[in-house]
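There are structures below to look over.
Presented sequentially are two complexes of chain A, the first with chain B as partner and the second with chain C.
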Partner chain A sequence: MRSLAKWGVAACAVVAAGVFAGAAQAADTIKIGTFLSVTGPASFLGEPEKKTLEMYVERLNKDGGVKGRKVELVHYDDGGAPDKAATFAKRLIQNDNVDIIIGGTTTGTSMAAIKVVEPAGVPFISLAGGIDIVDPVKKWVFKTPHTDRMAAEKVFLDMKKRGLTKIAMISEDAGFGKSGHDQSLKVAGIYGIQIVADEVYSPKDPDVTAQLTKIKNAAGVQAVFNFGFGQGPAIVTKNYKQLGMSLPFYQSHGVASKDFIKLAGEASEGIRLPAAGLVVADQLAATDPQKPVVTAFKKEYEAAFKSDVSTFAGHAYDGLQIALAAILRAGSTDKEKVRSEIEKTSGYVGTGGLVSMSPEDHMGLSLSAFRMVEVRKGDWVLVD
Partner chain B sequence: MFAELLQYLFAGLTSGAIYALAGLGFAIIYNSSHVINFAQGEFIMIGGMSTAMMVAAGVPLPVASLLAVLVTMLVGVALEKFAIEPARNADVTTIIIITIGASIFLRGLAQIVWDKEFHSLPAFSGETPLNVGGATLMPQSIWVVGVAVVVIVALWWFFNRTLFGKAMLATSFNRLAAQLMGIGVKKVLMVSFALSALLGAVGGIVVTPITFTNYEAGIMLGLKGFSAAVLGGLGNGMGAIVGGLAVGIAEALASGYLSSAYKDAVAFVIILFVLFFLPNGLFGKKGTDRV
Partner chain C sequence: MWKTARIGGLGALALILVLAPLGFPNAYFYDIAVKALFNAVVCIGLNLLIGYGGQISLGHAGFFALGAYGSAILTVTYKLPALPAMLLSALGVGVLAYLIGRPILRLKGHYLAMATLGIGIIIHIVLKTESGLTGGPDGMGVDPFSVMGFTMMGDRMWYWAAAALLVLAVWLSLNLIDSPVGRALRAVHGSEVGAEVVGVDTSSYKVMVFVVSAVFASLIGSLFAHKDGFITPDIGSFFRSVEFVVMVVLGGMASTFGSVVGAIILTLLPQVLTVVEDYEAMVFGGIMMGTMIFLPKGLLPSLVAGLRKRGGAAQ
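Let's look at the complex of A and B:
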């Protein structure tokens, strides 16, 4: 019995020593918190994001960290559920005492976390597309990807150049597609585009020829624009060809991955869509400021993970770089200082484009960040 | 005008045949055990995914399909052996909940064993659409309908003309009496899982060129297949086919003539309406209560 008590005391001492050592260490390391949708419906976005963060944090530590301070990544998987995202954001702030949060794979999870992050006052860089994240501007919230509104603007700009003014939209009736559809309606007028047919489909519908037949028979349609991601747009594209439709066909940046071409096959020929420079890294002009950044990232990612680079991985890379640069400039991890340094990010060349933030703009990308690409012979070709 | 209607019908036929194939699997297990197997959609997914993965690795399509069917049947038998059989004395509701758990487990397993991407298979008879009366139909849709018809004929033959099929039917009517007559009821349950896994796999393989597949593909197919089976009358193969086609065509006509925003609602209203007047579905036998 006595020996048991002795062991107990010893164990306590060991634990206490561990706790104090941990606390001492925590002061030295920079703690980056992240919650991503590594499982669940958005897992194909969340997984490359997580892998990217892990790879670059590990590399950074190997190279000596930030001014000698190691970087520690604390990760939680929210499975795409907003309520879980909010819980994990709270845990990152209260239990893990992170200095900054990079994460939020989807607009839903990001918006849920904002409710926790804003009152707590922790800098937060979201990796999701929805414009609601930074519009209206929130003091502590930033984001790296393009918005769906910009994608719609880029498409409409291209249509205008080609003299196409009456178009039909076919959109997913949930999430990404719905938000994109609503933003498209908002900006169409600015570019003199009239939407004469407006059809929707569910994300998992096996066939959309009925909707497309309606568009085909609508009077005066000059082009078709599909907003969605996942397998939906590939099915729309196949059905489009099945019906022998030949009007100019546009997709959103939601399908800017080789998987889309693989799924839709020959039917994807001639489709135009807005995409980040990363997608056409090899084709960018040598004078393009993005060229070295995107080619290097593409090479490193593909060498490390033996799979095609995704723009989502790029968003995570940009988020990490912006955060680290801000911490470096701030010279500390003081949250207010880091926040205001992120806001002063100017001329950062990332995988998503040229980022110049301001107190009014917490994303900092302009329309030029999107490139218009066309599918030719099963590959992306830069057209604009 | 006519071409338009025909196109809507073809669209409905394509989705409807897919729902029907999914619905058939529910019918078999329900027939032999009165259990609704919510992992049926996952059988479809495993069939489609394993074929797509093997074809991508260079295995010829017929061989890959055969292996995929075997793999899925193995999963079906394992599910019965390790999850359903230990709980065979439990309530039907308990077993249904077990199948829901199994479906989540199988989805998770698929994510780990394979990946989270979408996969496709080449269409069996090319991608040139058939032109009928100004409307177009993909040859793959005919494959789906054809396979559904072959399956229903084979099932009818199995349940009405073979001893084991009749034994399965007998077990579904009265388990105890069947056991007393010397029927191995344990074996019956296992075979019914193997059979519905086979059906799911075959369905998964023929629909993959149209709908693509990923680890989650079973959720939608399972749900729509379940609706089809309920509409047609649970446990009735013919009912599942008619129910599937009815749901598919209702959706297509609704998006063609009303609005695509309401197509899902229209399909569900029809199902509710039918079940209101025919609680056992279109072809369901009237349940007789034991006194």
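Let's look at the complex of A and C:
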């Protein structure tokens, strides 16, 4: 028992030594801090993000780093908990003295970290979708993924083109779907879209035929738009087919992964949704400026990890590239210089689309970043 | 004798709290320390219920979250000053705990655990779905804590406030345990029937300690919301409730200082374990299992017993 205690003390000392050794690294390296939800409910987003960052930083160092300076990645897993994210953001800034932070898998963790990042004055590139992150614009905060508002706009634009003006919405009552639903209501008027039926369901509902029947019986509905994430939209899609509904059916970018088609099966035929260019990399026109970027990223990711590339991995890739380019242009890791260089990012072609930021726009993506795709024979087909 | 031990313990705690910042190189350390102290106060309250009252609650994160959201909503939406908002939330939580406590504290063992678990989960769900009020799963921002023009800013100031609060909570808890109420509670823990036979109104004592521990959690929840500046419903998740119980059990049930030790260790551990990165959960689990197997009474009581034994052998 006594020797056991001794070993315990020794182990603690070793761990503590590790912590302090981490703090006292050479100042010559560029330190990129990241906190991601690698475990917990958002792990399917955080895991590919982390793998991507690690892979590209390692590759960069093999090629000699940035102007001879090595890049060091400091990573913490927040498990999807916002208060942990805030603590880790503080740790990255105060204890690890990072030059820039790329991370924040979910809107919640990003928003919590912003409270720490803004007063400290460290450039922060978030990888989460929520529009609140950059609206209103915050001096030190940027983000790479598309917002739910853009997804709604893209869908409404497509509806308008097809002459569909009266639509029904069915959305998740929490998180992603809820936020998307609210943004949809905000922008519908701009595109002359009238929402004549508005139904909700819970992410774990095993059946939504009741809500769909209401939509089916609502007068004048010309199209249906489902905003949701995970397995919910697959269930909506299956029920839609079971009820024999044949109106044009739209989904959000939340289902832009092959898993959705697998889950919904044949019922997904003919569904339209907005998706990043990465999803349909092979189908992009040869003249498309995004073509070389997304095909290269897809190939490298799939070769390295033997799994389908995800758009979330792409967000991390974009964040890293924007950060490195800004550091290169700034010629130093001075935080204010790097921040203003990120803000000047212009014409960067990433996996998410063409990024041109400005002091008023800290995301820099336009609607053209989204492609309208349709499910045909179990695969995505680019329609617009 | 007991009295001197109590004052000695409090003095030692105060001394440690005063000296600890000498080893804090930057604000991040203060931040972690504040979180540890906050958790310690919640655990002191919970220890009264679990360690002394012999009851269990798997829903205390729910009360913590209610305090946090109460303060957040009252200050942000209804523009109330921070202090009244905090007290109002605590009052509301106290009333709620009383109303819930009366019926469910009649339950025993697993049934009580299930009932409190249910309450915690219901609170979590309500916070998540009432998005008009709470901002939904994405959470809401909270303004800094300010009283009469004085604003709590920075981790250092929070550290001293939290340290003072902890000393106060420990003092309250030690006094309560050593009062007639405390003796009655321990009697309930020992044997409920026996306590009733000697004339202890067991159910009202149980409800009282349940309310007290819920109010502790609510007050700290309010402070936490102001300090972090951003809260999401996940601060009231089931996992958090379990975390609180584990802190109490790890530190040592029926030991106020044990709860403090347990809370501090369990708050620091995840930060230290980031060194082993991918094996974090495994190492964490290993430490927990080891403690439960080798120190079944919890860290502090086992250590104290060990020291006594050794001291006895030496004589």
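Following the convention adopted for this analysis, the second predicted complex is superposed on the first by the 359 of 384 C-alpha atoms of A that agree within 3 Å, B and C clash if a C-alpha of one lies under 4 Å from a C-alpha of the other, contacts with A are read in each partner's own complex, and residues count from 1 in each chain.
One rule holds in what follows: a residue touches a chain if its C-beta (ideal position, glycine included) is under 8 Å from a C-beta of that chain, and two chains touch if they have at least 3 such contacts.
Since we're looking at a predicted model, the values are computed, not measured.
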{"item": "Which superposed partner A:39 touches (first chain B, second chain C, both, neither)", "value": "both"}
{"item": "Which of chain B and chain C A:68 touches, first, second, both or neither", "value": "neither"}
{"item": "Touched partner set for A:207, first chain B, second chain C, both or neither", "value": "first"}
{"item": "Which of chain B and chain C A:244 touches, first, second, both or neither", "value": "first"}
{"item": "Chain B versus chain C as contact partner of A:91, first or second or both or neither", "value": "second"}
{"item": "Which of chain B and chain C A:231 touches, first, second, both or neither", "value": "first"}
{"item": "Which of chain B and chain C A:173 touches, first, second, both or neither", "value": "both"}
{"item": "Chain C-contacting residues of chain A that also contact chain B", "value": "39, 173"}
{"item": "Residues on chain B engaged by chain A in the complex (per definition of touch)", "value": "4, 7-8, 10-12, 14-15, 18, 108, 111, 116-118, 120, 127, 129, 136, 138, 207, 210-212, 214, 216-217, 219-220, 251-253, 255-256, 260-261, 264"}
{"item": "Residues on chain A engaged by chain C in the complex (per definition of touch)", "value": "1, 4, 15-16, 18-19, 22-23, 39, 75-77, 80-84, 86-87, 90-91, 93-95, 107-108, 111-112, 114-115, 130, 132, 173-175, 178-179"}
{"item": "Partner chain A, residues of chain C touching it in the complex", "value": "25-29, 31-32, 35, 128-129, 131, 136-139, 141, 224, 228-232, 234-235, 270-275, 277, 280-281, 294"}
{"item": "Partner chain B, residues of chain A touching it in the complex", "value": "39, 41, 43-44, 47, 173, 199-202, 204-211, 213-214, 217, 230-231, 234-235, 238, 241-244, 259, 262-263, 265-267"}
